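The first chain written gets the first letter, and so on, giving A, B, C, D and E; residue counts start at 1 in each chain.
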Amino acid sequence: APEAKEQFFPLLVYRTGPYAPNGTPWANGKQDYLKMINARDGGVNGVKLTYEECETGYATDKGVECYERLKGKGATLFDPQATGITFALTDKVIKDKIPLITLGYGLAASQDGNVFKWNFPLMGSYWTAADMLIQHLAKKEGGFDKLKGKKIALVYHDSPFGKEPIPLLDERQKMHGFDLLKIPVTAPGVEQKSAWLQVRQQRPDYVLLWGWGVMNSTALKEAQATGYPREKMYGVWWAGAEPDVKDVGEGAKGYNALALNTSGQSPKVIQDILKHVHDKGQGSGPKDEVGSVLYTRGVIIQALGIEAVRRAQERFGKGKVMTGEQVRWGLENLALDQKKLDALGLGGVLRPLSTSCADHMGSTWARVHTWDGAKWNFSSDWMQADEQILKPMVKQAADKYAAEKKLERRTPADCQS
Amino acid sequence: MGFVIETIFGGLMTGMLYSLIALGFVLIYKASGVFNFAQGAMVLFAALAMARFAEWIPLWTGISSPLLANLLAFVAAFAVMVVVAWGVERLALRHLVNQEGITLLMATLGITYFLEGLGQMVFGSDIYKIDVGMPKDPIFLFEKSFEGGVLINKEDLYAALIAAAMVALLALFFQKTATGRALRAVADDHQAAQSIGIPLSTIWVIVWSVAGFVALVAGIIWGSKLGVQFSLSLVALKALPVVILGGLTSVPGAIIGGLLIGVGEKVSEVYLGPALGGGIEIWFAYVLALLFLLVRPQGLFGEKIIDRV
Amino acid sequence: MIYRENGQFKTSYRADSAILAIRQDRWAMAALLALAFVGLPLLGNEYLFRAILIPFLILSLAALGLNVLVGYCGQISLGTGAFMAVGAYAAYNFQVRIEGMPLILSLLLGGVCSTVVGVLFGIPSLRIKGLYLAVATLAAQFFCDWAFLRIKWFTNNSSSGNVSVSDLSVFGLAIESPVQKYLFCLSFVCVFALLTKNLVRGAVGREWMAMRDMDVAAAVIGIRPVYAKLSAFAVSSFIVGVAGALWGFVHLGSWEPAAFSIDRSFQLLFMVILGGLGSIMGSFFGAAFIIFLPLLLNQIPHWLGLPMSTETASHLELMVFGALIVFFLIKEPHGLARLWSTAKEKLRLWPFPH
Amino acid sequence: MDPNDISIPGDNTAVKKIGDVILEVRNISLSFGGVKALTDISFDVREHEIRSIIGPNGAGKSSMLNCINGVYQPQQGQISFRGKTFKHMSSRQVAEMGVARTFQNLALFKGMSVLDNIMTGRSLHMRCNLLQQALRWGAAEREEIAQREKVERIIDFLEIQAYRKTPVGRLPYGLQKRVDLGRALAMEPQVLLLDEPMAGMNVEEKQDMCRFILDVNAEFGTTIVLIEHDMGVVMDISDRVVVLDYGKKIGDGAPAEVRQNEDVIRAYLGTSH
Amino acid sequence: MSTPFLNVNGIEVIYNHVILVLKGVSLQVQEGRIVALLGGNGAGKTTTLRAVSNLLAGERGEVSKGSIELRGERIEKLSTAEMVNRGVVQVMEGRHCFAHLSIEDNLMTGAYTRRDGRAAVAETLEKVYNYFPRLKTRRSSQAAYTSGGEQQMCAIGRALMANPRMVLLDEPSMGLAPQIVEEVFEIVKDLNSKEGVTFLLAEQNTNMALRYADYGYILESGRVVMDGAAQALRENEDVKEFYLGTGGGDRKSFKDVKSYKRRKRWLA
């Protein structure tokens, strides 16, 4: 019999520990999508998809161990699901020739594919997120010039994750002359009274919330307790999911956050998952979680990974198992237009996306959604980060990285490989 | 001026909340000489039990009154904590009589892992809600005297009152009752306590149950503030400087320590933090405790550390 | 009957105080070293080196350092993670700021910086004791966490606070492949284990232990508490600092302060206590236990083919891990090293029961 | 006598020469809160003599030794050693001047072997620095072995060869007392303070212990200050006796004198002695 | 012979799974008697008492063979607390006072198992203070800061507070002034004759012990090597030589006794 062809997907997850409430739906989304593709399409062009989860607990060293373990099982693509693990793996993947997807997180500079050959911060980085939020605020105020003299507070998770947006916000501050207050919150963020005392003292016009896990709900509760209007609070897309607001309930009403993707059970891809996976009793989590914000994000990450494999197969041979390098090419040459997205059932869930050798992010689109006490509702149009500001910053940061690591920028020839 | 008062007030309230957790540490230490690192895990475990029972009991029994459901859940959660206490004694402490403090401390870390695993497995690792009707909105005082008034968080106020009541009760218990005296004896010397007939097993089950009760109360208060999820167990870290500042063996010390640490860390963060780049409160609390200890190595109210030849 | 010292007479005090005074032990050690330096590099695969052996070696080294402080000098420290961090960030700064800095020198200088910080945070130990000190050392932990996150200079102005090193080499030899890294760490560990062993069986080691067991009596026989305690802090944090630098440079390659968080401190304390306080070998036992056990537990469901979700498996893993810790503490409160020596004692008497 | 040499005591029946005052305690008062442990105590100790301190429980005997040792700082009074007077001294300084001590409630280093316990007594005599010790090369090793030889002689002297490598915690009480003595001897003291060295021993063992004490005294000329409750021992071996009661001195003199002292009989000895 | 109050039957005790300390010790204590357990350092006296009161576990020791009966009931499996409830209390060697508690609190913890009311306890407390007036003056000091002898009195007093039927006394005379030693033994006699309390005492002060005891056992390296009525033991030549120090006539001065023996050992 011909050898069964299997493309192996390692799944680094955290279903325990402080970030489990956020990590679990995310992990379930990824797993369910894999199951769905196998069930619906029989894999990718006949190549079956297999996977194995490894619990990282959001800890870097455990993440590295998982990476090493799953790498040995033929992994060709990793999604570390944590900024710390991403940093630790960035150097390792170069030697191992395995691409990293860091959708919506990771190093902002790694958008520059000429330097970061193996990193793919698809759909957005913290810089794009910060940029879009400032744009949104400007729009609300009625123009960038109106931002002058306004006070914007950044309440952030005191870790590389929380600190990433600062360079961009500093840049924007210089441009528009608003005041930027930086208020760090010690991880994991269970005690924020002093942060909110400062908010109350300074009375900023807006609060940008750069939190993850328990920090978000606690921030909302403290905001409620100090009487800071939730309507003036804007979260990054990691601070805009159900676990963040669920137990705050009424208190979170009016709170805004960026949305990288839609949520809800109506999109076709979600319906497919319900049909092919959950209805057969094979769902990874409870049914009502399907289609929640982080779940859907998991689905998207997995879908993009699989599309990269599909794209790679187009070049290197349909129905073959792809290597890490081939998958990397696939990721670098994604071209998901609306038609393709619709065909995948992802239409409306995310915007068209195409990557290139120079741009490992693809397009970055997001909307703002607002919690009404029971569910998230969109409250803005799709936005995009301002390339004018972003590009030079990314380039500069990437150059600095390259200099430190003594890396050469990739040649056009290398881009073809 | 209004803001200064508000900061101090906020610190006091937070401090009381720390005290509530510190109390659990003091209780077990004072009564068995064990520095119980599992206190944080117990808070989480108790809160998880409470939250889930409050969710399940209406499903199981069809009770619709939230008050009744909460009450039943409280009883059920306490029962669970008693079982935990019993298990801890039976499976761990009983076999560790007369061992050194550090061995006992490590054992409680083992218990921490166990409880964290068990809690999440039985009760789930999502975020759960405890709603015992704590008021969430702020009140403003002295609005006439200061611009904007002095904001006070009602929830914190209630919590602080509960904490104070529990501390008073426990302090009395230790100082005034024969059992309290026996507990202090056990902490000093397990073997000698055994030799005069103090039944360590029973005593430990009782103490750990009381600590479980304290954990439950702390869990409910913190849980209704933070939501019940894993991070609740990390709150214990904030209580540690309180415990050593107040003195490991002093129940009132837990309160005073809590207040000092609470005010110290809030004032430092709000007034010093911005100059230093922020986020200093966590280490500031420890440094504060450290400085106090340099003056009084046994903490403010702790029993003097005895070394005699 | 095999493990007998009969007929092995020691004719000098030098022979009597040798590290391995019994012939069988010397053979065993030689075999172990041969296996470690020659056998494993030939046999092991990448996963074994990168995910198991390298972390094991580095953490053993850190545990060794901590054991000097906790096990030998009796000062409980929960700030080990911080001292590791100081070692790592200091070494990083030497490496990136000084052109052509030899790697080994950077690592050792990292250790030196850690020594300075260690001694500084050790000063309170002159007054504060026991659990109070243990909790107070958390000040070091949280302060260092904060400093490396907040003070940009330490991270060479990296915006996120994350730093990374690459292209390691020693005497022109690249330290790149897992085997090379493994051997590099192994050499460090062997040298430090030997030096530490010498210290603890010498005069200063006895002073530490005297401080630990009965400080007033120690002072009366002329041991200076200041010197004894601070030297223990110094030696301990030096070793821990070097281990931290290795952890950053060799194991992680790129790290943020969270890599040296309080969890690390607890983990190391665990190793030391489970392994055996006041035992060099215990540090290794402890590190092995704490590193291998979770991996093993993690794999067991797979091997048994039990269908278990990651979630349940991780929770079970936590529970079993916790339970085993308690179990071993009950079985032998003095650690695995003591279990080992009891076993040897039995072996010596074998086949007689007592 | 060569101070760096502990020789095996041989047959020495020469009449003991009692020398000048070596240690003098003047008007020492010490109190803890309300408790007056010592009130205005003065006495002296002459070189080479065996000086006993007796008194009922809680009289302040151990506290007296603690003052001499620098463990307690008396509120009043002075202590002079070989004519040098001092008020506050750290334990280390006292040790450097050649005063060693055993403890009433065994203060051995529990986790260490007998050998190591006695070796710690040699700390004052060890000179190598940390680095040398870590490398254990040359000087460090030579030093270690030289000290070991001295310690071995003490071990032989106290007849505890068989327990060299045993952790002291596991030894029976009586042997622990011997190790305690051994540790003090290892310091090669000029003055040896013994706090109830024979408590918990039977007659045979006490006889052994007395022999050790007498030998040390005779061979090395070590001055000995002894606290003991066994009157047989005290009367037999001491040259002079101080009697304390409730922190006050109630008697001082040769054993025979003290024995007749009315106050002493009432406060301490009881009528049957 | 009636069933003895306490019957120890060929017990072996092992510490740490490897160190065999008692190698088959048997002894009987009749109700209302004072029995002395004699022997050199390390003979196993303390271990025997611990085996009876079940305090071995905390020392990582266990009875591996033999049986112990109290009034015919097997008690190896009972906890120490249950033994105290049956009226058997041990005074531990080395005092073991509760360091942070005051002397009075120390004494009061001794009455933890009493169920006969406050008045009765207060009465016993008064009795103990009468026995040891020194304790009364130090009643409010923390035990750790009292002198060695005061702690010893405290430990004995604490055991008496339980109103025991049987006391296991481990070296009660250690560290006590001669006058107090005598008093302690007088107290033992007093309790024994007036209240019928049974005593098993391990003592190094052979002289005293045999003066007050009815019966004695001599232990050596974990074995009973001799036993007999106290009177008989006192007359025994070996006992005189090795335990009473009066072998071959009068008591010898500590100054010159055995000096020859010492020399002999030296040369060997």
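Convention: contacts are C-beta pairs under 8 Å (C-beta built on N, C-alpha and C of every residue); 3 or more make two chains touch, one makes a residue touch a chain.
If you're wondering where the values come from, they're calculated on a predicted model, not measured in any experiment.
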Geometric centre: closest chain by C-alpha means: C
Chain of greatest Cα-centre distance to chain C: E
Averaged-CA centre spacing for the pair chain D and chain C, given as whole angstrom: 41
Cα-centroid distance, chain B relative to chain D, in whole angstrom: 49
Chain centre separation (chain A, chain C; CA means) in Å: 37
Where chain B touches two or more other chains, by residue: 116-117, 120, 125, 277-279, 282, 308-309
Residues of chain D whose C-beta touches two or more other chains: 71, 103-105, 107
Two or more partner chains touched - positions in chain C: 149-150, 214, 216-217, 220, 311, 314-315, 317-318
Touching residues (chain side chain A, partner chain C) in the complex: 13, 15-16, 24, 27, 53-55, 57, 59-61, 64-65, 68-69, 71-72, 83-84, 87-88, 90-92, 95, 107, 158-161, 163-164, 166-167, 184, 187, 284, 397, 404-406
Interface residues, chain D side, partner chain C - complex: 69-71, 90-92, 94-96, 100-101, 103, 107-112, 116, 119-124, 126, 128, 130, 133-136, 140-141, 143-145, 148-149, 152, 183-184, 187
Touch list for chain C against partner chain E, complex: 342, 345-346, 349, 354
Contact footprint of chain B on chain A as seen in their complex: 15-18, 20-21, 24, 158, 182-186, 188-191, 193-195, 197-198, 200-201, 213-214, 217-218, 221, 224-227, 243, 246-249, 251
Residue ranges of chain B in contact with chain C within the complex: 35, 91-92, 95-96, 99-103, 105-107, 109-118, 120-121, 125, 237, 240-241, 243-244, 248, 276-280, 282-283, 286-287, 289-290, 293-294, 297-299, 302, 305, 307-309
